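Two complexes are shown next, each including chain A; its partner changes from chain B in the first to chain C in the second.
Let's look at the complex of A and B:
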């Protein structure tokens, strides 16, 4: 069997370390630093980029020894997966790596967060995403619309997936779009809102694609949105809560996140548009009574958002931040239900899209 | 009959027996378990005092036989000088008879109440007389007495008086049958004798407990403690009542000669100063002083600067011997002892000594063990109200490698010996169980604990460093096979070859580990300064 590029990269990582060891030099990995201090905002590409700072991980350093071993273990497991042509979940990898080191009371990993971290380090180190390393996250998120795709030889029609929609896998690299009939895509923060839109057949009536994941946007969703935007030139609308966390979901989609800055290229969505809920919506749709008072953390988070380099010169966004700061309150998407259960699908969304009321 | 007359008909002498019955807790006979300890303690204290006064290295045997139904026969035997025949009944069968109460001299016993209280306890609980053997010369036969106490008159009642052919050079043996109960533990006779052995490294004890187990606590020093000398009271330590009594009993003719003759550290000049400060004439007759005069006199003493009493009247254990004593009874890995120089409370000299035994088999998850002594006698009860406990709680033990929550006894594998010697240790009660909270005493205790603690801290930190170094090397040794296996998987090379090469690296350069760590530190500092130069304006502090 021909070796893939990923396999070759992992082998090279191993060979370099072994070369050092056999030459009597300490085995050292230089892992790109994945922290705010090594992330910068590229104004041209409008994405967060990882800097070239690396931190040395030397096995013969007590502070590094365990992390060194964890990263190496994960690399070895990934190579095994690639050789066998199998995929494992993050949880699987955790159990594949977890064991007690002989003669000690130490486990190689104690919690999944440790192996997850080692996997992200390996991504940054090798330049390949974890999906390319045959490691998948749990699927989370649903999609519906007039789209037909092919996944592993199966033809799937997103219009005929029943009440649950098609669940988006964590790796969407291998699917191909057979037929796409939609004018735009709406991505929403809340699964409950997606269900409302789905039940009202919003995607059929408005000829669009609706997509959601619960909470943080998963990699699979981000990559799928990017492909729909790039390959089919569809505008992407984001529907999120009127609070700093909702705004941040948009920020991550559009510019990338600090933690995954090393993957920015294949994830960011420069054309993403923020549809709502905006401060103006609160006014225009009479949601004032539905406001929830700020807590201290909300206040702090809002200040951080205001100071992000990528928002600093954006007048429209700064206006939103200021309005929110004066209101000292937030509102959920579901606040629209106070106007009627299908107010969102019958009035709010069609009107907003028709008028082109969105932030960018 | 008038009320007063009625009352008078009820007023009479209180018999010592009645007094004892009501106040037995003051004398250490609160319960059966404590009674056993008190009986042994009083006899052993007397034996040690007698041996030391006669300059004999003490050999003391203690035997407790279980006679069933909570009855025990306690026998204590010493090799001291013995007691002359005439004195035996008074010493053992008359309460408040003694030689030590009236002198200012360091001794275990004080009031002359202990051993006769034990005899009375035996009499009240079992009705059996105390049996005493005494021998004062090798060539003469021993005397044997069986004694009761006449509880109405507080007088000895001789049941039997005969010669005995007790085979012993010299010494005293006492045998009492008492109601008691025997239990092991921190407050047991076993524990008391073990602790006594720590504070008296010049003595040998042979102990047979009710379970017929025999323990020998052998001496580690052939040097007797320096003999304490008797001193006169220091003016600063005398209170009104005592002053009145002294004035009444003195043979001096003038106040000045009374002051110079009956007190220590008072010469004619100081006596004059005291009288001047009190506004009294130096030639007043002592027995003519009235209460207001005496109050003025005490005031004058307070205002006058008098040098501290001489401290040769006390005989501390000494750092070397205290450490030796602790070493032989408490197995541990580190020992340290500290002996403070003498200080004074209320005009009474005292010395604080502290010794620590750290590590070994001692549990590290429990509060430390505290062994308290006053004049070399272990204090087993009332630890909570003792000055030594207070000083331990007020000391910060964290820098010395123990864990301690806010003002409580620290936790760790440690035994603390805290010993006070004084001509008059201030106890909180007659049972002599806890040392009173004099600020001077607590201060000295804390200074001694801190001094010893610093030495302990140095040891603990060094030990921790060595352990860290060891652990560091073992991390590499244990992780290496795992790393080699993963590298072999990745590169396809032989695991053994990689492992061998890594082992060589570790073996060749055990120091390398350390050296590299240092180098890495430097590198890190450089990197950091670069980071600062780049500047991070516009980003929040979120580190993901």
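Let's look at the complex of A and C:
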């Protein structure tokens, strides 16, 4: 079997270390610094990016030795997975590298945070995402629309998945799109809202794709959105709550985050637009009685958003932040159900999309 | 359109109240008491069941009026949904009934817990599950296997779903099984473990169905397991962690819970067996180094389990509880990955199933 680029990159990493050793030099890795101090917002690409700072990890330095070993160990496990053609979860990798160093009482890792961290170092070092390194995060979410894909030899029609939809895997790198008939993608954080849109055949009537996770946006979802956006020129509309967390979901999807900065190129969505709920919607669609009063933690979170560099000169967003701060209240997507169970699919969404009422 | 039995039941509820009013009597509902005091373990059926106690809810009693109204209001919304042929989430229903009573400052509901509670009362009153009343809980989970179903006019082959699988909807009442070729179902709480079994085509090699949620077992998952068990005589093997929470997942699936007692008939799984991880597995499969030390909260939870009536005379379970109490430690399914990424599918599961090493 031909070696993949990922396998080659990992071998190169190993070979470089061996060369050092044979030349009588200490084995050293130069790992990009993944911390706020090395993250900046690139105005042109509109993403959070990692800077050039690296930190040396020298095997012969007692302070570095453990991290050095952890990174090398996850690299070895990743190479093993790539050779086997199998995928492991972050938790699996933790257990795969959790062992005691012979003749010592020291474990290579004691907590998953250590192996997770080593995996992110490996991403930054190799330039490959952990999905490409055959390490998966959690699986979550469903999708429906007039799309036919091929995955693991199966042809899957997202329009013929009954009430459940296709379950999005944690890793979507190897999916091939066979047919994509859609004008845009709506991504929503809530599975219940997805079920509403699906039951009303919104994707069929409006010629779009509907996708949801439950809670956090997994990397599988993020990459699937990105591939649809890049390979099929589809805008991504984010349907989230009118609250600091809903806004933050959009912010991370579009601009990235500190944690994702080393991967921002393959994880951000320049075509993302915020579709709702907005402060104006609360007025226009009679949702005032459905507002939920702020807690202190909401207030704090909102202030952080207001100060994000990428929002600072954005008038439309600053206006929303101010209106929210004045209201001292938030509103959920499902509040639209107070106007009727299908108000969201029959009136709210078609109207807003037609008028182009997006925030971006 | 012909009225469904559910619609008829809700109309009967309304008609009875109208009859009272026309006869000059106060409108009264007799709601089964859903509390520990009215829940008992039925040794014969092996489920937690609701007793006969009911509590009167009289509209003219100031202490009852609000709850009376809430129950009636969710009944009206459910009837509306059934007539429209649409489904709403619990959160939707909250917003649908959240309104101010005219000429007062009182809202019908202020918190979702109130509408949720009213929906459970309606389940107990009508004998129909909220899914049958067109009210759905959260959507979660994936499934794969040699099964063909029909759902909403689509024919769906669970064997041809690529790496994602079919996404289980919140409501599986209207699914028809067209073909079921399986000897058993493995249910696991963790999506990552499901992806392991799926990548290794475990369902194909071992002729079974694999199903997972992520975290809590949703009612959609529970009902799908139950329908496969009842309609196709399949045993359900529960693959969970060796910890009080893993054991509890099994306990609720098999015997029910206080919250589910009024629905126990349609929510419990007599054919459920606990497949792993057990204290013996930790010995037999060399997982000792992968143990995670107990916290106080684990200790407390374990004691509660030991005292559950349905476990009290169960020697096999009491032995596990004792061994766990001695170890003061727990172990996760993924700990098996320390023995190799496919150790779980190639050795652990086939061996345990062949030897019939179940707890029940």
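Of note:
Simple rule for what comes next: the second predicted complex is superposed on the first by the 346 of 360 C-alpha atoms of A that agree within 3 Å, B and C clash if a C-alpha of one lies under 4 Å from a C-alpha of the other, contacts with A are read in each partner's own complex, and residues count from 1 in each chain.
Note that contacts are C-beta pairs under 8 Å (C-beta built on N, C-alpha and C of every residue); 3 or more make two chains touch, one makes a residue touch a chain.
This one's a predicted model, so the numbers in the text were calculated from it and none came from an experiment.
In the superposition on chain A, contact of A:309 is made with chain B only, not with chain C. When the two complexes are overlaid on their common chain A, residue A:235 makes contact with neither chain B nor chain C. When the shared chain is aligned, chain B comes close enough to touch A:53, but chain C does not.
Contact with chain C, but none with chain B, is seen for A:91 once the two complexes are overlaid on the shared chain. Set against each other, chain B and chain C touch different numbers of residues in chain A, with C touching more. Residue contacts after overlaying the shared chain place A:81 against chain C, while chain B stays out of touching range. In the superposition on chain A, no contact is made by A:350 with either chain B or chain C.
Of the two partner chains, chain C is the only one that A:142 touches; chain B does not reach it. By the touch criterion stated above, A:338 is placed in contact with chain C alone, chain B being left untouched.
Shared contact residues of chain A, touching chain B in one structure and chain C in the other: 80. Note for the complex: chain C touches chain A at residues 80-81, 84, 86-89, 91-96, 98-100, 136, 138-142, 149-152, 154-156, 160-171, 174-175, 191-192, 194-196, 199-200, 214, 289-290, 332, 334-338, 341-342. Interface of chain B with chain A (complex): residues 472, 474-479, 481-483, 485-487, 489-493, 497-498, 501-502, 504-506, 512-513, 516-517, 520, 523, 527, 531, 536, 538-544. Chain A makes touch with chain B in their complex at residues 10-11, 13-15, 17-18, 21-22, 24, 26-27, 34-37, 39, 41, 53, 56, 58-62, 65-66, 68-69, 72-73, 75-76, 79-80, 101-104, 106, 108, 257-259, 304, 307-309, 312.
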